[in-house]
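Next, two complexes with chain A in common: one pairs it with chain B, the other with chain C.
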Partner chain A sequence: MTAVRKRQIALVGGLLLVIEFLCRVGLVHKTTLAPPSVMLATLADEFASGRILPDLGETLICILASTIIATIGGFVVGLVLNSFPRLRDAVRPILASYYSIPIFAFYPALAAILGLGIAPIIITAVLNSIVGMIIATEDALDRFPRVLVKLARTHRFTWWQQALHLQLPAMLPNLLGGVKLVVAYSFIGVIGSEFLMAAIGVGYQISYSYNEFNVPRMYGLMLLVVILVALANLLLNVPERRFASRAMGRRGE
Partner chain B sequence: MAVPQPVGVLPEIHAECRDLVRNFGGIAGGHVIEAMGPITLEIRRGEFFSVIGPSGCGKSTFMDVLAGLTPPTSGTVTFEGLPVRGTVPDGVGAVFQEDASLPWLNVWDNVAFSLRHDGTDPAEIKRRVDEAVAFMGLRQFAKAYPNQLSGGMRQRTCIARTMVMRPRMILLDEPFAALDAQTRLLMGDELLRLWRETGATVVLITHALDEAVMLSDRIGAMSARPGRFLDIVETGWPRERDSSILARAEVGAVSSRLWGVLREESQKALDQSGRLAAAREGS
Partner chain C sequence: MTSLRQHLQRRRLADFFILLLALVVVWQIASWLVGDEIVVSPAETIAQIGVLYRRPTFWGHFDATLLAFAYAASITIVLGLGLGISLGISRAAYDTCEPLLMALASLPKVTLYPVILMFFGVGFSAKVVFGVLHGVVPITLFTMNAVRNMPAIYARVARLHRLSARDRVLHMLIPAVLPEIFSGLRLGLSVTLLGVVLGEMFASTRGLGSMLMGAIGLADFRTVAAVTFMLIVLATLLSSVMLWLDRRLHHGAK
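Up next, the complex of A and B:
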């Protein structure tokens, strides 16, 4: 464990203790914030009783669907844009300012058209995340060195061989960065939509607890979201560390 | 002359360029850039031929056309008697000016890359790659990734990758441009060793006069863009040679003859780029 990591853990642990203390002595009122230990206990209870499981399943399915659709879709759109430079020039300003549009503003319309189900949630999450992947794909293609095209030609590679043996591996680190963005924005898209309007889902349960003044449960479920995001990041960091290890002097396997 | 030729027998021609011209642009009424030519040149089998010229004169373009990486605008290239046009013929290997090592593969796998994609038997791949890695002095770095290596080692990896294909003609485009002068001389020695031991024809593109003089049997001096050969100088060095040849008295004569040609052309190239910059600022 590095010194930085130790300091990070100490910082987070210390912060939790301070919050716990403030809540316990009543400096922070219990309708404002639940002590971390209580958050954890309510969360454990949610799992023990199995109450949250249907919501969790629904949320995870939506995030997974959005991630898969946005990753593949964004990659394909990026490739297509790259092969039509005129189209790309036309679309570029839109992509650049895309995230200034609040995608959630369209969610109620989608829900009105499609009904309260997973479809409008997934669509909102995809709209929220796909542009990150498009931009990452474009970026990866831009960075592909022209000299490797020459290399492919000295080997008389077919288009397919060039894509498989040179372009894809060269682009992989950039594409992975895109996938990380997609996951993060899918989380935001799904949980956010569930907050606004839904019949099921972790986001829905959080807002439900809020309306019911069930503060410990609200915070417990928020903790669940934080844990999910941390787990997703941990998972996505594995291949990234593999790329980095090549630069650090260790073998990447 | 490198390979002693029996009297009255002409050296065998390995590659031939005839009235080669390459332009860029000009599509949809755009401005045409005359990058190179016309070039008429015979490259002899087994010789070490260097191309020297001012920057931007069309050296890389010449190599691309000679290798079959880009078709000429007009004129012809033949390699071993067969026409080359837009595809790289079997038996031609190229090392590029830009770093073409593959960052996701270690040195050994980089060197093996070419062989793995042409159906070579794995045992043969191992034999050839081990040999090339050792030859290029990369054995300790076989498991290292390119971004852990210096620029010189990366270029050596690329040379090894070309070498394992056993090309009969190797084209190298300023492979040592990024290296300091001393390292470049040492790399030159290695290149000479490679040339001698493989018996391949070598065409080296460089903008370093001393490098060209030290390494070559013949040196072609190019004009400013569009690059043409203004003079071709035979050095007459023995085949067994290394960088110590720089101590020879004849080096001065060869260098000054080339410099006589290049001085004016380099000035022209400088003016060209100055005009370009001025035009850009003006627009």
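Up next, the complex of A and C:
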């Protein structure tokens, strides 16, 4: 284990211990914050009884759908924008201020039009996450080295060969950064929408527990969200680290 | 040369307005297709803003949002810069905290709203805290990265001149990292505004966000459209001003 990992564990563990202590001593009231050990126990119970599984499944399906749609959609929009420089210049100021637009404000209207199901949730999550992919695609295309195009010409690559063997591998690290953003914003979009208004889902269960004054369950489910986000980050970091080490190796040669 | 650049600039501006016009047309068509009661047409949205504008309670809501944003923005800037600089200076602190902060950034903060309510109650402080919660992580991350990526030679020059810690921060660190930090502020303050509005939607009885929720509750889609439109314009204005400042700073740095 690296020193960094050890320090991270010490930091998070220390923080949890402090919270546990504050709750147990009674400095923070039971109705305000549940001790971490109780959160974990409630969460374990949710899984053991299988109560949360349908909600978790629904949430994960929505996140997956949003991630796929936003990744492909963002990539295509990025490609199209890049082929029309004038359009791209015109769209740029809108993209730059996109994140300050309260996307969640559209969700209730969407739910009113489409009904309370997974469609408005997925649309909100896609709207929330697609711009990250558009920007990453444009970045990746901008950074594509001109010399590789020349290389392809000297080797008489076909268009298909060039796309598959040169462009895609060269762009992959950048695109992966975009996918990471898409996953993060899809999480925010899906769980946020479920929390606001839904009939099922982890976000909905959090708001339900809150309205029922079931504080331990509410915190237990929040812990579940934190764990899910951490797992997703961990998974997406694996290929990124591989790219980074490959790039380093190439530089070393 | 200048005339060519002017021509290009003018063309870019024209393109931008054509795009805006196209968006309005799409909005109008959507309104025709879905029905005017749900997707309110552009003209009626503007008309409704006029109606709200004359309503005496409107300015109270408007002021409440701006005031909460001013508080949240000040706290976010001080907290984000302080955290970012102190975590960025030390390599160990940076390596330890950067991945944790990244994970924190991708957390759906809406779900934290019950926690905020339990600690701060419904009202002004809850929405300020909500805004700070949204904005502080991106600003900290940008600042940390800016400090970390500062050329090592600057530190060596500072040591050569035997600068005190205070002078080192004031005369070396801040000027060197300002453009980068400003990019972080631009993003951070945009999400701070977003956080304040979200906070108002659920944890307040005043402000544009609570007005929006009230209108949704009454199924008053005209007001929903009008308030959403105003929020978008407000957010875009804030972001455009910051973007303009950002460009100037980066230009000055080169």
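The rule is simple: the second predicted complex is superposed on the first by the 246 of 253 C-alpha atoms of A that agree within 3 Å, B and C clash if a C-alpha of one lies under 4 Å from a C-alpha of the other, contacts with A are read in each partner's own complex, and residues count from 1 in each chain.
Note that contacts are C-beta pairs under 8 Å (C-beta built on N, C-alpha and C of every residue); 3 or more make two chains touch, one makes a residue touch a chain.
Here the structure is a predicted model, which is why all the values come from computation and not from measurement.
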Report for A:V225: first if it touches chain B alone, second if chain C alone, otherwise both or neither. second
Under the stated touch criterion, which partner chain does A:H155 make contact with: chain B (first), chain C (second), both, or neither? first
On the A-aligned overlay, A:A170 touches which partner chain: chain B = first, chain C = second, or both, or neither? first
Once the structures are superposed on A, label A:G192 by its partner contacts, choosing first (chain B), second (chain C), both or neither. second
Would you mind checking which one, chain B or chain C, touches more residues on chain A? C
With both complexes superposed on chain A, which partner does A:V147 reach: first (chain B), second (chain C), both or neither? first
Show me the chain A residues, by the header's touch rule, that chain B contacts in one structure and chain C contacts in the other. none
Could you please specify the touching residues of chain C with respect to chain A in the complex? 11-12, 15-16, 18-19, 34, 38-39, 92, 95-97, 99-100, 102-103, 105-115, 118-119, 187, 190-191, 193-194, 197-198, 201, 212, 216, 219, 221, 224, 227-228, 231-232, 235-236, 238-240, 243
The residues of chain A that touch chain C in their complex are 3-4, 7-8, 11-12, 31-33, 86-87, 89-91, 93-94, 96-97, 99-102, 104-106, 108-109, 112-113, 183-185, 187-192, 195-196, 203, 206-207, 210, 215, 218, 222, 225-226, 229-230, 232-233, 237
Parts of chain A lying in touch with chain B, wherever the complex brings them together: 145-148, 150-151, 153-157, 161, 165-166, 169-170, 172, 246-247, 249, 251-252
Can you name the residues of chain B that touch chain A in the complex? 64, 67, 69, 87-88, 92-94, 96-100, 102-104, 106, 113-114, 117-118, 143-145, 147-148
